[in-house]
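What follows is a pair of complexes built around subunit A, which joins subunit B in one and subunit C in the other.
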Partner chain A sequence: MDERKIRVVVAKPGLDGHDRGAKVVARALRDAGMEVVYTGLRQTPEQIVETVLQEDADAVGISILSGAHTFYFTKIIGLLKEKDAGDIIVFGGGVIPDKDIPGLLEAGAGAVFGPGTPTSVCVEWLEKAVADKRAKEQ
Partner chain B sequence: MDILINKALAGDMRAIARIISLIENGDPIADAVMRRIYPLTGKAMVIGITGSPGAGKSTLTDKLIESFRKKGKTVGIIAVDPSSPFSGGAILADRIRMQRHTGDEGVYIRSMGTRGSLGGLSRGTREAVLLLDACGKDVIIIETVGVGQSEVDIIKIADTVCVVLVPGMGDDIQIMKAGIMEIANVFAINKADKPGVDRVAAEVRLMLELVRDKSWTPPVHLTVAENGTGVEEFAESIVKHHEFIKNSPEGARFEFRRLSSEVEDILLKNLTRKAEKVWRSQKSGKLMEDLAARKTNPYTVASDILRKLFPQADYDEGIKEANTSHVTPDN
Partner chain C sequence: MNTEYKEARAKFEAGVAKSLQKHKERKESFSTGGGLPLGRLYGPDDVESVDYMRDIGFPGEYPFTRGVQPTMYRGRFWTMRQYAGFASAEESNERYRYLLSQGTTGLSVAFDLPTQIGYDSDDPMAQGECGKVGVAIDSLQDMEILFDQIPLDKVSTSMTINAPASVLLAMYICVGEKQGVPMDVLSGTIQNDILKEYIARGTYIFPPKPSMRLITDIFEFCSENVPKWNTISISGYHIREAGSTAAQEVAFTLADGIAYVEAAARKGLDPNVFGERLSFFFNAHNDFLEEVAKFRAARRMWARIMKDRFGVTNPKAQMLRFHTQTGGSTLTAQQPENNIVRVTMQALAAVLGGTQSLHTNSMDEALALPSEKSVGIALKTQQIIAYESGVTNTVDPLAGSYVVESLTNEIEKKAFEYIGQIDDMGGMLTAIEKGYVQKHIQDAAYDYQRSVEAKESIVVGVNKFQVREDNREMNLLTVDASVGERQIAKLRKLKEARDNLAVKNALEDIRAAAADDSRNLMPLIINAVRSYATEGEICGVLRNVFGEYTENIVL
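Showing the complex of A and B:
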């Protein structure tokens, strides 16, 4: 009965109002047995980071379709580090040009999933990333 | 461990969040934490918000946070959503309605999945409330899962239980039924701009007239949580009930009942954990085959396990009784 569940915040930063993708991912993570905290639309990076800390999340997934991905990824990762929470996994997806992905990974994103990625790929990656993170805690 | 507790007691939000996770995960450390913080508890006003799915519990909670913050109170929120019976996962989305308070240092919001608990709360809700209480939150609001008729565990934890109803949920017989309708200390009839609200209000008031205990009659408030209509009055009734419960013989009785159920729950939780452990160690392919072939039965297996847990006690009580007295077929 007792087990440590994976807790993930799924967030939509900024002004784009399309959350179909975020909901599909949230649902897939739920079906994989994770507890998914969904923030709703139009969140500021500060709100997202605060939510991640209050909810003791292992990871935060951000969905961006507005083109502002570099700004939001960098900002959220920076704020987490500032709060001494740099160990929390940041991943994301949305409409993000391939050429921007290396920069996001460089900034500290764990993974970036483009349109058409099977949800199982995302789930498997996250399960492994959380297991690695927890192994380091021991 | 001590460092973590001290940080939490000093108000470090991340430490609080971490301890709640340990509690939720059934970590053995959690018991030690509770022992340590228990003397510091009992100061907060604990409010329960319950009602059917979509009644507006989260939106109402959001407005209550605003109301208490205006009065300078710090607020902790435990928002419970259901876990999947299949995957064990959950979508925890009560926060969406309260996100505007994220970033306010006087507000801590935590979402919890029920994780198999059936009474409308989650495993660990009680402990999470005690922790927030010890950490100095003035007001703690527990939002239950969307309930049906009989998920009433909230009365074991909250000082004041608010039941949120909406128009159009059935006839007056629904309101007469036992369960959720009996546990309210304050009623909110939300979405009061929708048709049918007067009828629900009248039926609830009529039902309340039949309640014998007249020491506290639950006030009935019409609210439109979306735009804040009626929320201030609703909040006032909550505070009034809290004063009532703290200054009356009913209050002392309530506190004893709550403490008794607390001991009971902890006892049962620990017993269950121990019993499950023994069962897992006993379980074998052979035993399962014997059971399937009816060579033994689940009752005997269970009482063998109990015998291991409590060697002194008498587990064949029922059998002896059956052999001696009333069950014996006579004349």
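Showing the complex of A and C:
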């Protein structure tokens, strides 16, 4: 069993200022024992990927409520792959119509959590996803 | 309080205590959505401290607890104002004309994020965001299309624009010019409330000091030239959406208001004059009684603040006039039709609280921007309250309700405590800088999330009474992905066709004046806009002179 703490970056890409969800999730992940870095607002995909790599994060959570989700998920996942970091878990949430979710998952997102999701669901999913990822690395 | 009542009440309480041993209440203790303790029963003794003339008074009279007009909705209903805008100016113009044909009585423009943050559609920062949460406006040309065939002397227009408010107001003034409508006839509102952007909404550009200067430049310019314009809409809406309680919403909004009045007074403006043009914007949340009390408390508090703190004697400058929007964060993605019911209750609270204008959210807004059909239902909700519910036929019908008056007092007390703490810290700018305000809001948001997960707070369809469903069937609005490309093409053409020397000179004039606090930037911005300088160009010059704000992250 890998005892390293889970490291996760919670990111707000683009110009969207709705940060309630990102901050609540960041706190819930922290309370669940993870090491959480919250980027703050107005991050470009390049800045987010840079933070993820610098922080040696297991995962990055993206919060978008502006409708620009497809653009940012695809871009961030693409940049991670370019940097040979395609194994980093990408998940997210926000105001995202159900019909857009399959496209995000196909692009490489591990999970997309809609409004009303309990933070405990998010925590459990991430714990399992990181455990699976670490198991593969060994 | 007569002894007969006191004895009867004591007897009643004793009887209840006895029956509680057999039949417990649903909870150990009850509280409002905002966490204020709520008693079992309110009676005359709970409002013993209330002095009718001092604390309640008559509508249209200080302290305006019962409303800002003597006849309220018996005279005229509130303005039914639906916030709308998406994609390009062409599509949004069509939506506005639809809303006007459906009986909406005022427009409310939603701008996309690049416009709100001072970037043109061809800026790298605008990628993926053009036309998404509102309409993309790059230059006067777009604004002309946005208001095509909408007579600016007949409608009032509210624009949700903050950091670049002067630029968008300048564009509106220029559209008026082209329609032959002079500035002094234009009526409407710009949000222009930068402090809550730092606290909760996030579309800031410049640091606080130059931002406050831009705001007071607008106050000054409009009091001389655009006298019917509401120069600011001091907003609690987003503070509440970010998770605050009702009392915090009132406290932080009025504390922002105090900061603006102080800044304008320092510039030498008379609060008796500009005070008339200050307007407010609140959220209408679920807890019905608390919300009604909140609106009444806010009105009374602002009147007291203006009179006692700033010595304002003009009653119009003591009045808190406000717009309300129903609470976006209360909408659920699950069983979206239920949102129609939530919105109805919230809207009713706003009306019973005496709102001057109202936006009702659409049922599908937890999923996407609203479709035309759902916007229609939201507007009809207001019309049904106005024409069918009967609550509009008498003024402030809940006044004198023991519980409503008690909650009104409680919210005032709690909110003044926060304002006192903010004063002690040296005012709202310092409180924001120190993260005090953000921290309080975030703690409230997190507490609420935990109470939902622990099922102490019930959200129908989310943590109780769930049903399996699939929203993919819903007919949601999607924004055409080509908006960005179309805007970029328009910009390229515009930059070829306009007089670029005039643009350059106008921008240089702004640069020079920006560095000099004693000058008012408004006339120069109007001049630049008229020569078709873009929003991004104007904000770019100001960014160079003023610098940019960086967020103080509080977690």
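Some observations on this one:
The working rule: the second predicted complex is superposed on the first by the 135 of 138 C-alpha atoms of A that agree within 3 Å, B and C clash if a C-alpha of one lies under 4 Å from a C-alpha of the other, contacts with A are read in each partner's own complex, and residues count from 1 in each chain.
By our rule, a residue touches a chain if its C-beta (ideal position, glycine included) is under 8 Å from a C-beta of that chain, and two chains touch if they have at least 3 such contacts.
Fair warning: this is a prediction, and the values are worked out from it, not measured in the lab.
Once chain A of one complex is fitted onto chain A of the other, the partner contacts of A:5 are limited to subunit B, with no touch recorded for subunit C. Residue contacts after overlaying the shared chain place A:38 against subunit B and subunit C alike.
Of the two partner chains, subunit B is the only one touched by A:85; subunit C is not.
Contact with subunit B, but none with subunit C, is seen for A:53 once the two complexes are overlaid on the shared chain. When both complexes are aligned on chain A by C-alpha atoms, subunit A residues 26-27, 36, 38, 40, 44 touch subunit B in the first and subunit C in the second. Here subunit B touches subunit A in the complex through residues 13-14, 17-18, 20-21, 24-27, 83-84, 87-93, 95-96, 99, 102-103, 108-111, 113, 115-116, 273, 276, going by the rule given at the top.
Residues 113-114, 116-117, 119, 125-129, 132-133, 197, 201-203, 241-243, 329, 331-334, 365-369, 442, 445-446, 449, 452-453, 459, 462-463, 470-472, 476, 478-479, 551, 553, 555 of subunit C touch subunit A in their complex. By the touch criterion given at the top, residues 1-5, 7, 26-27, 29-40, 43-44, 46-47, 50-51, 53-56, 83-85 of subunit A touch subunit B in their complex.
On subunit A, the positions that touch subunit C within their shared complex are 14-20, 23-24, 26-28, 36, 38, 40-42, 44, 66-68, 70-72, 75, 95, 97-99, 114-116, 118-120.
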